[in-house]
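Think of it as A, B, C and D in the order they're written, each chain with its own count starting at 1.
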Amino acid sequence: MGNQYGKLFRIATWGESHGNGVGVVIDGCPPGVPLSVDEIQQELDRRRPGQSDITTPRKEADTVTILSGVDQGVTLGTPIALNVFNKDARGTSYDEMKKTFRPSHADFTYEAKFGRRMAEGGGRSSARETIGRVAAGAIARKILKHAFNLDIIAYVERVQDISMPPLETPPSLDLVEANAIRCPHPETAERMIERIKAVRAEGDSIGGIIRAHLSNVPPGWGEPVFDRLEADLAKAMLSLPATKGFEVGSGFAGTYLKGSAHNDPFINKDGKIRTTTNNSGGVQGGISNGEEIHFRVAFKPTATIIQKQQTVNREGQPIELMGKGRHDPCVLPRAVPIVEAMAALVLLDHAMRHFAQNVAFKNTEYSSTEL
Amino acid sequence: MGNQYGKLFRIATWGESHGNGVGVVIDGCPPGVPLSVDEIQQELDRRRPGQSDITTPRKEADTVTILSGVDQGVTLGTPIALNVFNKDARGTSYDEMKKTFRPSHADFTYEAKFGRRMAEGGGRSSARETIGRVAAGAIARKILKHAFNLDIIAYVERVQDISMPPLETPPSLDLVEANAIRCPHPETAERMIERIKAVRAEGDSIGGIIRAHLSNVPPGWGEPVFDRLEADLAKAMLSLPATKGFEVGSGFAGTYLKGSAHNDPFINKDGKIRTTTNNSGGVQGGISNGEEIHFRVAFKPTATIIQKQQTVNREGQPIELMGKGRHDPCVLPRAVPIVEAMAALVLLDHAMRHFAQNVAFKNTEYSSTEL
Amino acid sequence: MGNQYGKLFRIATWGESHGNGVGVVIDGCPPGVPLSVDEIQQELDRRRPGQSDITTPRKEADTVTILSGVDQGVTLGTPIALNVFNKDARGTSYDEMKKTFRPSHADFTYEAKFGRRMAEGGGRSSARETIGRVAAGAIARKILKHAFNLDIIAYVERVQDISMPPLETPPSLDLVEANAIRCPHPETAERMIERIKAVRAEGDSIGGIIRAHLSNVPPGWGEPVFDRLEADLAKAMLSLPATKGFEVGSGFAGTYLKGSAHNDPFINKDGKIRTTTNNSGGVQGGISNGEEIHFRVAFKPTATIIQKQQTVNREGQPIELMGKGRHDPCVLPRAVPIVEAMAALVLLDHAMRHFAQNVAFKNTEYSSTEL
Amino acid sequence: MGNQYGKLFRIATWGESHGNGVGVVIDGCPPGVPLSVDEIQQELDRRRPGQSDITTPRKEADTVTILSGVDQGVTLGTPIALNVFNKDARGTSYDEMKKTFRPSHADFTYEAKFGRRMAEGGGRSSARETIGRVAAGAIARKILKHAFNLDIIAYVERVQDISMPPLETPPSLDLVEANAIRCPHPETAERMIERIKAVRAEGDSIGGIIRAHLSNVPPGWGEPVFDRLEADLAKAMLSLPATKGFEVGSGFAGTYLKGSAHNDPFINKDGKIRTTTNNSGGVQGGISNGEEIHFRVAFKPTATIIQKQQTVNREGQPIELMGKGRHDPCVLPRAVPIVEAMAALVLLDHAMRHFAQNVAFKNTEYSSTEL
């Protein structure tokens, strides 16, 4: 029962990897937003399989349809239903999986929880469910861009131990999209791609780090004490398949510093209160401070490998499993647009919450005689 | 508007550091739970100021009162209101703070958000608000212990660069509580304490890492796709003051491994399906797999330092701020019970959600003729 | 942003009357429930247009498809997406409506709220949106029947001033379904049908009362103080198009009685605590008491009439509107399955909430030494 | 677990009638609202016992304290905790009640649900819990008045069969408060008071109808399809102790009309789109249309009577119960401020929701080239 996200810009996703399709219903989208199906498709194309020679060779167009909530190219304020029908037929190649628990997949836990599972391709636990997130995120992102000129950019910073040099400023989308791994440092990207190909040749897999930058987030977003902005970002990122860690600002590395080195001094910059450093990562006390929000997400190596593995079947009998089929040896390039989509969903929801409490009634004048 | 947590075991906290008090209202607590005020007080005593010579010398008893929901020592199933009245009077020493934004505190962001703030001691942004969490967590923890023999233990693993050696099994509570820093490795603890004292002498501060172990969590808890168990743990931890990062299982370090090394093979151990390694950290696909859940939380150095710092005031004018007053040079020892409390709140809420969907109607027999 | 219902058995509906379709996504459905598309279709057939000669002659099959959450005829515990594609093309006959506010419709208020609306057939405000509710309700109902032998039956008690005599016990579904108006008293049903035909001949419309009986609801369901069972039933019923009133038990008539006549005495009946009368309507203090829950819902006359009406257009200019098209002269017969569906959704959600708090941890033994 | 209300202006109430106290925590209150404790006390004084010779003679001052969320007489935007400590000691006179189920009280259902209850004075099921609602409602009401000049007025329209003549416009607060029964028609009020005294002399009780008018509600509030404005009002009213029915606008009486008589024609009145009649009761399609919202609530006769009644005890044995103690022979006069408070809570929450989705992003310009 955890398939809904957001308090005000609220999405409900559905679908299994090899069922009839996947999709999302969005409730709470502001009315009057121009929206074409192409804008959503564009983001889905960034996550679809088969987009490059380092992703799974599975071919799926992942064509999205808008079923409701949009009229004459403009949102109505009513629920927006977005569907992507599955093309891939139910594979017979997956038969063994029905009886076997693949290591570090969700086969066992889904059975433990629900008493059953749709085995083909992971069913609901497949990363295919993120299609709904990316589709909804495309809309959230557009609204944020127009209302606040807010930019969200993510990229692959490290693959296994191959790391790009740190950037002074967030890279452009073009630079990120310029290569198959979505690393904005071309030389590093090349090495990452080589590594992925080498690992794939071994039938193995690797993970790495995605970094994200959220620019032009106005000060004041975030709802302490529980719904701090970074807390909701952490949840959003850890809700993605294959993620194992999240850090914002100075993160784990910041724990080696003393307070005198870690604190971000305030200055007055052209009439705006800014900080000279940004160890806080754009959030203080759970609320955005107007600086760039930057965070990092750890992705483990893909659980599917084309090697022999020891495991057990549903009856608890030991079994030797040989992975087969088409898979991503490294999820990172396709995860980049998903990270961006989740960030957009978190931010727009927080923007709406902030406005409802703190802006809606701001201009109300209370006479001093009330006191 | 983010001062409520949990879907079914739902808490609402309130209070400012120098207002009349702090507290919590719990809705959804199971009825029939024996509960004495001492059990709650005991946990609060673990987080209260002045408990050792490396925490703030502020003396506050933080005495809790049960105002409702408990009759003759047993919970009624109705809301439980817990209050702690503040003893510390509003300090005049804080006057300067009303006009000044302390670096890396929430002074600026609270004003940016709400247009005002209660300045004394940080107001709502003070870690004093965690009293309500610890009080509620004490109840959640007791229920989990009795219903599942579930154990939650956290401890300080690293202070700045002083790290304890890894443990084979979770430490006992006694071992953790044996020293002021709450590190279960006595020699390391001693060095940590020395470091904290040295840093305090400089008027500076430090951070570090808390590790937590959740034992005997049954398989099946967690609500993918958004409310994965680790996602909710990540949110809970990042909702704590001074946290900058979270990792579960292999975490960031796991991104250096290949899938063949990272995957946790399943085995049959005495009729139970278990894994031989635990890089997953007890969660797979967002659902507990019956292994120990372990995670790490990064705490930054305390923002309050007794040194001169450059900052600006509300008018944006540069100002030199000299920190004073009593503070914790390192938040970690007092954060240990808070981390445990939040883990308890996450787990009990998930237990209730899991039960409602997957257990409540499990024994219902559906005749095959229905199909 | 009010298109989601339920806390644990949670549904999200979408769709406009003349868009691509309507549907629902259900999150939180218990796994292991046998479910065929026919069971859902059967309930949709009870609400579809064109089913009799007193409903709108519009012909729509309203064929439902299950897109996810069900595998091999059994629910998986994952979200269930149900779609009904619209057949009726966008009518050109509705062109005038785009500019005109039909009296007592939602044309004006949707524009006031959202700044725009999909005008054809009422768009989102059309009763066509209840398809998603009926589809989800069919599943809830099945679970309640199997788990508790719980029966939900509604029927038309009064059309305008034509009222059926009171029943001693709830009627059978067969008796209700025996005639087009869904009144279980054949002679009254005949008179109601005649009245509807006469009113339709005038181009006018009428309303009336639907009564519902919920049998075998176990004692203990309902979540005071805000989510009382009757409060949630009231909300569910008033959320239906064309409803203006709700009463439970003795309702408005009970306000004429003295307490001595209104109170329901408790007795011991075969070892069960029961009441001899049921003015309470099966709920006391917001919680079911094991007696039959019965309530009544007032439906206003259909707003669409085939007569000249004075109104204004979007520019505020007075305009004479002549209704046309196919409509229901009386919504009651088609509203019966909708009332039942909403009752089922309320009850299952409350059952799950009750179990989560009060049953899940009931057998936990707490040693008395804890106290 | 139903002790929280509201989505954005969210309250959590707590407390039993004879425990330590009752109270409320409000999350989401806009910052910058001038708020004195007197403004809240004033509303509590309207509901407190012992205020006139037709209410219970129990004397309780119900003095409220603000514990958080307000600084220097202005709201901070952080949670506002309001406490009322109970003065009345736990009565020994209630001993019998612990073992006996009073007819039409919640004694039996609370035990059925929770397995236990606090018996004194009804515990959580006592109307004393409404203190928290009235306190929170006082704040909501103030904000609505200042932001929208929105007026909420309720009054007793009928006591048993004594009914006042209909009013053309809502009465003034002064007129309502001019007599003990809170009926704005002095002659009727006198008869009602006489009736209540006569019924009390018999040891019996009576009920009646409260009518409420909500004026200056802007068009556009309400969140179809589930959270229609009238649906949330219905829920709010049915969540009050002793209520059995709700109707808005033409209500049950409207079911006798034909559509041609029931529809509210639109006109242009001074540039505003208004209706000439108001059978809709100010809501169309679940959204306010700018007309006055008016509704009626049915209250049953008080369950406590000073007469012999047959019932059973916890063991199911028949027992003769003789009511004693101090009680209200008619709850209506004290229910008037409670109805108003709940209406205020519903309206402010809807105002905030409407703003978040439909107003916050309204001025965002989307260039046409986006399409």
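Things worth noting here:
Please note the rule applied: a contact is a pair of C-beta atoms (placed from the backbone, for glycine too) under 8 Å apart; a residue touches a chain by one contact, two chains touch by 3 or more.
Owing to the predicted nature of the structure, the values given are computational and were not obtained by experimental measurement.
Ranking every chain by how far its Cα centroid lies from the centroid of subunit C, the top place goes to B. In terms of C-beta pairs in contact, the better-connected of the chain pairs A-C and A-B is A-B.
Averaging C-alpha coordinates per chain places the centre of subunit A 38 Å away from that of subunit C. With centres defined as mean CA coordinates, subunit B is found 25 Å away from subunit A. Shown for subunit C are the residues in touch with two or more other chains, namely 1-4, 8, 13, 28, 31-32, 77, 113-115, 124, 353, 356-358, 362.
Residues of subunit C that touch subunit D in their complex: 1-5, 13, 101, 103-106, 108-110, 112-115, 124-125, 129, 158, 160-161, 199, 202, 204-209, 219-228, 230-239, 241, 244-252, 254-260, 262-268, 271, 273, 275, 279-281, 283-290, 298-305, 307, 309-312, 316-318, 353-354, 356-358, 362. Contacts from subunit C toward subunit B in the complex involve residues 7-8, 28-34, 36, 39, 73, 77, 142-143, 146-147, 351-353, 355-362, 364-366, 368, 370-371.
Within the complex formed with subunit A, the subunit C residues making contact are 1-4, 8, 10, 12-16, 19-23, 25, 27-28, 31-32, 65-69, 71, 74, 76-81, 83, 113-118, 123-124.
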